[in-house]
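This structure is in structure tokens; I'll ask about it shortly.
When the chains are written out, they are named A, B, C and D in that same order, and each has its own residue count from 1.
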Amino acid sequence: MTMSPHDEMNNLTMSEKAKPLLDAVVKHIRDNCDPALEEYERLGANRAERWGYGEGQLEILEGLKNKAKEAGLWNFFLPNAETGEGLSNLDYAFIAAELGKNPLASQSMNCSAPDTGNMEVLERVGTPEQKEQWLKPLLAGEIRSAFAMTEPDVASSDARNVGTRAVLENGEWVINGEKYYISGAGDPRCKIMITMVKTSPDAEPFRQQSQILVPIDTPGVEIVGPMCVFGHDDAPHGHMQIRFKDVRVPESNMLWGEGRGFEISQLRLGPGRIHHCMRSIGAAEKALDLMIARGLSREAFGKKIIDLGKNMETISRSRIEIEACRLMVLKAAKAMDVLGNKEARVWVSMVKAMVPEKACKIIDDAMQVHGATGVSQWSPLSGMYTKQRTLRLADGPDEVHHAVVARAEVKDFRNSNDRQAAMADATNRGSRMFDGP
Amino acid sequence: MTMSPHDEMNNLTMSEKAKPLLDAVVKHIRDNCDPALEEYERLGANRAERWGYGEGQLEILEGLKNKAKEAGLWNFFLPNAETGEGLSNLDYAFIAAELGKNPLASQSMNCSAPDTGNMEVLERVGTPEQKEQWLKPLLAGEIRSAFAMTEPDVASSDARNVGTRAVLENGEWVINGEKYYISGAGDPRCKIMITMVKTSPDAEPFRQQSQILVPIDTPGVEIVGPMCVFGHDDAPHGHMQIRFKDVRVPESNMLWGEGRGFEISQLRLGPGRIHHCMRSIGAAEKALDLMIARGLSREAFGKKIIDLGKNMETISRSRIEIEACRLMVLKAAKAMDVLGNKEARVWVSMVKAMVPEKACKIIDDAMQVHGATGVSQWSPLSGMYTKQRTLRLADGPDEVHHAVVARAEVKDFRNSNDRQAAMADATNRGSRMFDGP
Amino acid sequence: MTMSPHDEMNNLTMSEKAKPLLDAVVKHIRDNCDPALEEYERLGANRAERWGYGEGQLEILEGLKNKAKEAGLWNFFLPNAETGEGLSNLDYAFIAAELGKNPLASQSMNCSAPDTGNMEVLERVGTPEQKEQWLKPLLAGEIRSAFAMTEPDVASSDARNVGTRAVLENGEWVINGEKYYISGAGDPRCKIMITMVKTSPDAEPFRQQSQILVPIDTPGVEIVGPMCVFGHDDAPHGHMQIRFKDVRVPESNMLWGEGRGFEISQLRLGPGRIHHCMRSIGAAEKALDLMIARGLSREAFGKKIIDLGKNMETISRSRIEIEACRLMVLKAAKAMDVLGNKEARVWVSMVKAMVPEKACKIIDDAMQVHGATGVSQWSPLSGMYTKQRTLRLADGPDEVHHAVVARAEVKDFRNSNDRQAAMADATNRGSRMFDGP
Amino acid sequence: MTMSPHDEMNNLTMSEKAKPLLDAVVKHIRDNCDPALEEYERLGANRAERWGYGEGQLEILEGLKNKAKEAGLWNFFLPNAETGEGLSNLDYAFIAAELGKNPLASQSMNCSAPDTGNMEVLERVGTPEQKEQWLKPLLAGEIRSAFAMTEPDVASSDARNVGTRAVLENGEWVINGEKYYISGAGDPRCKIMITMVKTSPDAEPFRQQSQILVPIDTPGVEIVGPMCVFGHDDAPHGHMQIRFKDVRVPESNMLWGEGRGFEISQLRLGPGRIHHCMRSIGAAEKALDLMIARGLSREAFGKKIIDLGKNMETISRSRIEIEACRLMVLKAAKAMDVLGNKEARVWVSMVKAMVPEKACKIIDDAMQVHGATGVSQWSPLSGMYTKQRTLRLADGPDEVHHAVVARAEVKDFRNSNDRQAAMADATNRGSRMFDGP
């Protein structure tokens, strides 16, 4: 895992080619999304149905999507140069940092999670029929989608535990089981779920799972209700609890082939993770700005709050960790570009285990500087905190990613004659070793 | 302090030009320094004088120096392309990482602290006479030097507190005061000290100090004895306590001009800091390897120690922090190259406050995995720990560097209309803000 | 602050006298409150008015209150032996630990915050008329009350910042200002607010404030709406934002005398703080149990989750901190008994700064062990977290309490010849000091 | 592990009976030990032999011992009322806190480690002959002793790993193996080692080990040299590396019986652990005083250092943790009194895992406030740090004690119907649980 100095992985600059795209994205957000946001949120607040959109909201969204398409800002997230822009992950990381600044930005350019990952999977492994039926409307921004993986009854951090069963009967997969925290399945536009199921219980552990397309309106699919995050239901997007009771889909809905569920998961690693991490950094930046702004604006005990106690050191530590996180995320993006997703997965796990945890700390510190206002509805901090805290559990809890990193490190050590040889000398009963490096 | 994506500061690759030099350094250490080390240390252990060298030690050193000169590996640390190699700080950072792997390496190539900083200062601000008398033998590796700054009677973290007085009398500076932790002043080859003194108590605060050349054998210079670090005197290099009692040096020994002491200090920021931080990272890497090697080699309670409790997570966290520190140090080096030392000082403070603290944590964790052996003479860990712990106090304690970073951050916030404008909205009594980024 | 070994402050056992009361409280909760809870909550969930009670809820409460009165479990919190039980703070601490186990318990025995503190204040400093009008119905459990202190416009952690003005005009205090996070003011039964106001801006800093009785239905009192905690409004209790616009109350509503606002605050320190801290410990205990229960019930990677990674160490650290917190709270309670509230305030600040922070950590760790369920509505953990997190800001943020403790410590050091004398020797240039204690 | 409120375990006051003894100990240290210390250390510094005593040192010690005997301050550590004072562990804890204040105190009253533990073991399980030969001179203070347990070749944290073999041949135990960190074995007065050996490799795991008396001058006992702690050899006490090569001792040197090595270890838990922990607290108190003294005595950036940055909060946190640690140690001592050593072992593990770690943090913070002086020989801090750091590894590393605590906690949970029943409700898909305690 050590770095060679000449290594191209150390070049973390955006490509020249991607610059115009970034500039166009910035312009689109500033000129189109920013002015639309307040009205959009007002319409949403007054909506009649909790699990629907307010009158006029979707019209605003469609308008933004048209403007994005006109500006050529559509589906650029796709790594495939034909359908998308062929952006490198590193280039996309810089763009993702901008997307996080306006909640309408991603959707307006058709690059919201979990659609991005789903489209990527369909493009790579979908059959022509699957592409026609699901990828096409997704690429067109006509429907939305979900990814149904986590289950309430087992520790889903170990994906082998997935227990929702799919059994082939008369040319149909019959699915029974329960999923929860299915993000986006509350949206009325969500039409299709890529669903992780156990098809082959007798195969070897990593060949038992499959991914299968389940239209959300299939009989037997019951959306039980929203799962909350710190008591919030995140409507109308939602993180839904869903039961599958004798749900039948055609055999042809299988993705890539029975038993390839884990392989497909490897493909999803890409832009999504980097996107999330860049948003965590954006949140940490915002928390730091809030901390400073609040610290400068209030006085207590004869001083500005920012000058009391450890607050200045907290600001410094926050800045240092933000910069360290940013460089690590860029490095992970570059690693995906250079090494491919599989080899780069250790870098991805490093940032996944590192960034949300540090973001939580920074947001929490900012809350403390705010006093009671910090936990109130007048400040975005508590909402930001719960999002980052949840990220430490989603897509594998921190512990799973630390395990990936640690195992890779130990394996690297075992495989490295140099590292082992140096250690053979290092703990040595004969020599006086006090003056180490 | 935020980063533009196209910024050349994000390119952390070594230059093509420096590659051959790096390769030559690696080869020199492997072929010349490594084979010489054991004998060198054995001779040192048996030396007669604690504050001298054992018979044959200096011969070994001179031999290595000759080999380095032959290979063109001499004084390359100097940023000036005429005397040195004109290496960028980033290039030097990669080389410094190699230097840390053998304790003879730096000296053999004439790039040991504090000589490097002293030579840099003399080259930039020395008079022709000063260069002739002191820079020339330093560049030739014939003598060594010290930098006398810290004082026992005041909080030297605030350099304005420096109290050693120099008064001009009859064309001579008469110096009275006391310094401590003057590293390298125990070495019999040390001939000259660049000494921070107060010459101008009535000037404005940052114009009161000067730096002045004091030959170590000047009458009135009393080397009281070594200051210890966790009980160790680090002989024969040493961190000496030195009293100045009516020490008289010619007026011409003043560097650059009376009252320019602080300005000169700015010049010292360069390669030295980066060098130290890369060595801290080297120490952390070594500690991680020791942790893994030990964890794999012992068993308790039916498992390898590495598989007990939190040890694997500790390994992951260590790897993550090492990579984050490395990227930050490279970024700081690049910042010096792109922005100049003055503008880059915030980056330098960031890594100075970050890296030794994290290295301490990693070494401490490695110690814990080793059990009693971890604090014993059989392991380098306790010596490594004391070095890194001391670095958190040397060259400005962590707190001073955090203050630099925090003040810069607040200043940047105050100067940024964008950052302030965003905050004006963020804490807003009217709107529902729970769903932050 | 050091402890004498024979000191009665070290005896942390409950008094014999209080045992029967504790037993009766436990019995009342088990026999009366526990069976009533489910129905009470069901009725609440279906209530028509967010800021009211469901049909039948208050009847359940009144029934429980009657049973408590019959069992002699009424107003025992009052330190005065005539009105209450004359319980020591230590005795009350043990009882408070039981109260935390059922959300109906405190109210059923008339010892809910903030009524307890308000009654205590009224009993000690109220005029006969004030007692007749407000204390009597409070003691009878007929009305509820609030304490209006914190303001949105200033850093209320420095109580001198309180800016709500009260001006005496024609025998009436005319009040203008704004308060927020006024807990309990959402309850329709809340009739009276003890309100901190600035009456005497020209007096010395700690004599400018007064506390005054403001009936909640006084014209000019506008309850703007609820302040949220992590997006929750805690209805119908509520933490309300309240504006005072030319609110007029009789001159006789002043408590104790103009300018004595700070003095009165000292009186409130008692049972309330201890009560809160014992409930924090109860929450931490529950989180630990949840952590263990979850860890035992799920498997991943071939092991029970409890046996993965650092989970067992986390359990140990949680248990250790819980026991340390409990002993500290008992000690603080005992200190109030032995030293009086004023002298014991350093102990109270110690536990206030210590306990909620540690409870947050333990709850957060429990959440992580639960995976996504930990942040969901299926687990009480996220609600418990937000409560404890908010306690780090309420009644003085941690930082204010740390400042109290630190200033007392430094003062104690300055006043102690022994401590200073020992230090005179300790940093000593002459002696070899490596072998400290 | 939860606490009953009436529990006598909550009474942490010293017994009336022990007060006069405490007073006499304080008087003896002040009147006899304190005045003798400087001369004793001077004589030691000038001693000819590193592993011996300076001329006159032992005479000073013997004089102090006679004075202690005259004052009846001899062997009071023994829990047996006939030989010792029959002190409770709690009483002893308060006395131990005093012993830590002068390095001569313990020895002058014959209660130094490891002699105390060895005497306790001999008194409880020694044969009349063993007592006559070894306990008698130990009780008389004529000889000293060591406890040989830890081995360099295995993870001794798992005592089953002990590999030094003892084989019975012709009525003699023949011992082969290697031990290290045998504290006190460097002292010329050390005559006997209680040695943990493997006698019965075929027995069940906890019956394989035995403890056996090995006179240090037995042929085949080779004291290889001192093990260092952060580079220090702690001469002449020393922590020695010892090889056993065909060491033969009579069969009658076995303690208590073959295979009872673990049982004997349980007996050692008593005063020794509490003594260590009270000294850790003493060290933390001293570090806090040093922190304050230094912070008050120096200025930087226009303020006293104590008022810069987070220093005041650090002082508060240190005080809070010290008080928490003290209460926990007293509680553990009381638990030993009330529950017996075996049942109290979880409390002992709690304080062993808690106290040295917290002491390290406090000392480290004090060091940072001192700047370079903090790591120098002018301050006791670095020596104090290394002692506390080593305690985190000695007598079982923190991890082993956390494992003891965690396993007991989980067992308690499994055995408690109440705890389990409460949890059955707590994670419940049906109910809305956000408003937890």
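Observations, loosely collected:
Assume a residue touches a chain if its C-beta (ideal position, glycine included) is under 8 Å from a C-beta of that chain, and two chains touch if they have at least 3 such contacts.
Which protein is which chain? UniProt says A, B, C, D = Acyl-CoA dehydrogenase.
Note that the structure is a prediction, hence the values are computed from the model and not measured.
Seen from the Cα centre of chain B (Acyl-CoA dehydrogenase), the chain whose own Cα centre is farthest off is C.
Counting every residue number used by either copy at the chain B (Acyl-CoA dehydrogenase)-chain C (Acyl-CoA dehydrogenase) contact, over half are found in both chains. With each centre defined as the average position of its C-alpha atoms, the distance from chain B (Acyl-CoA dehydrogenase) to chain D (Acyl-CoA dehydrogenase) rounds to 39 Å.
Chain B (Acyl-CoA dehydrogenase) and chain C (Acyl-CoA dehydrogenase) have centres, each the mean of its CA atoms, that are 50 Å apart. The set of chain C (Acyl-CoA dehydrogenase) residues that touch two or more partner chains comprises 152, 228, 230-232, 309, 312-313, 373, 377-378, 382-383, 399, 402-403, 429, 434. The touching residues of chain A (Acyl-CoA dehydrogenase), when paired with chain C (Acyl-CoA dehydrogenase) in their complex, are 150, 152, 154-158, 161, 180-181, 227-232, 298-301, 305, 308-309, 367-368, 371-378, 382-383, 385-386, 389-390, 392-394, 397-399, 402-403.
Within the complex, the chain A (Acyl-CoA dehydrogenase) residues that touch chain B (Acyl-CoA dehydrogenase) are 1-3, 5-8, 10-14, 19, 22, 41, 45, 94, 97, 100-101, 103, 232, 234, 279, 282-283, 285-286, 288-290, 292-294, 296, 306, 312-313, 315-317, 319-320, 323-328, 330-331, 350, 353-354, 370, 373, 377-384, 387, 399, 401-407, 409-410, 413-414, 419-420, 422-423, 426-429, 431-437.
Contact residues of chain C (Acyl-CoA dehydrogenase) toward chain B (Acyl-CoA dehydrogenase) in the complex are 152, 228, 230-231, 309-310, 312-313, 429, 434.
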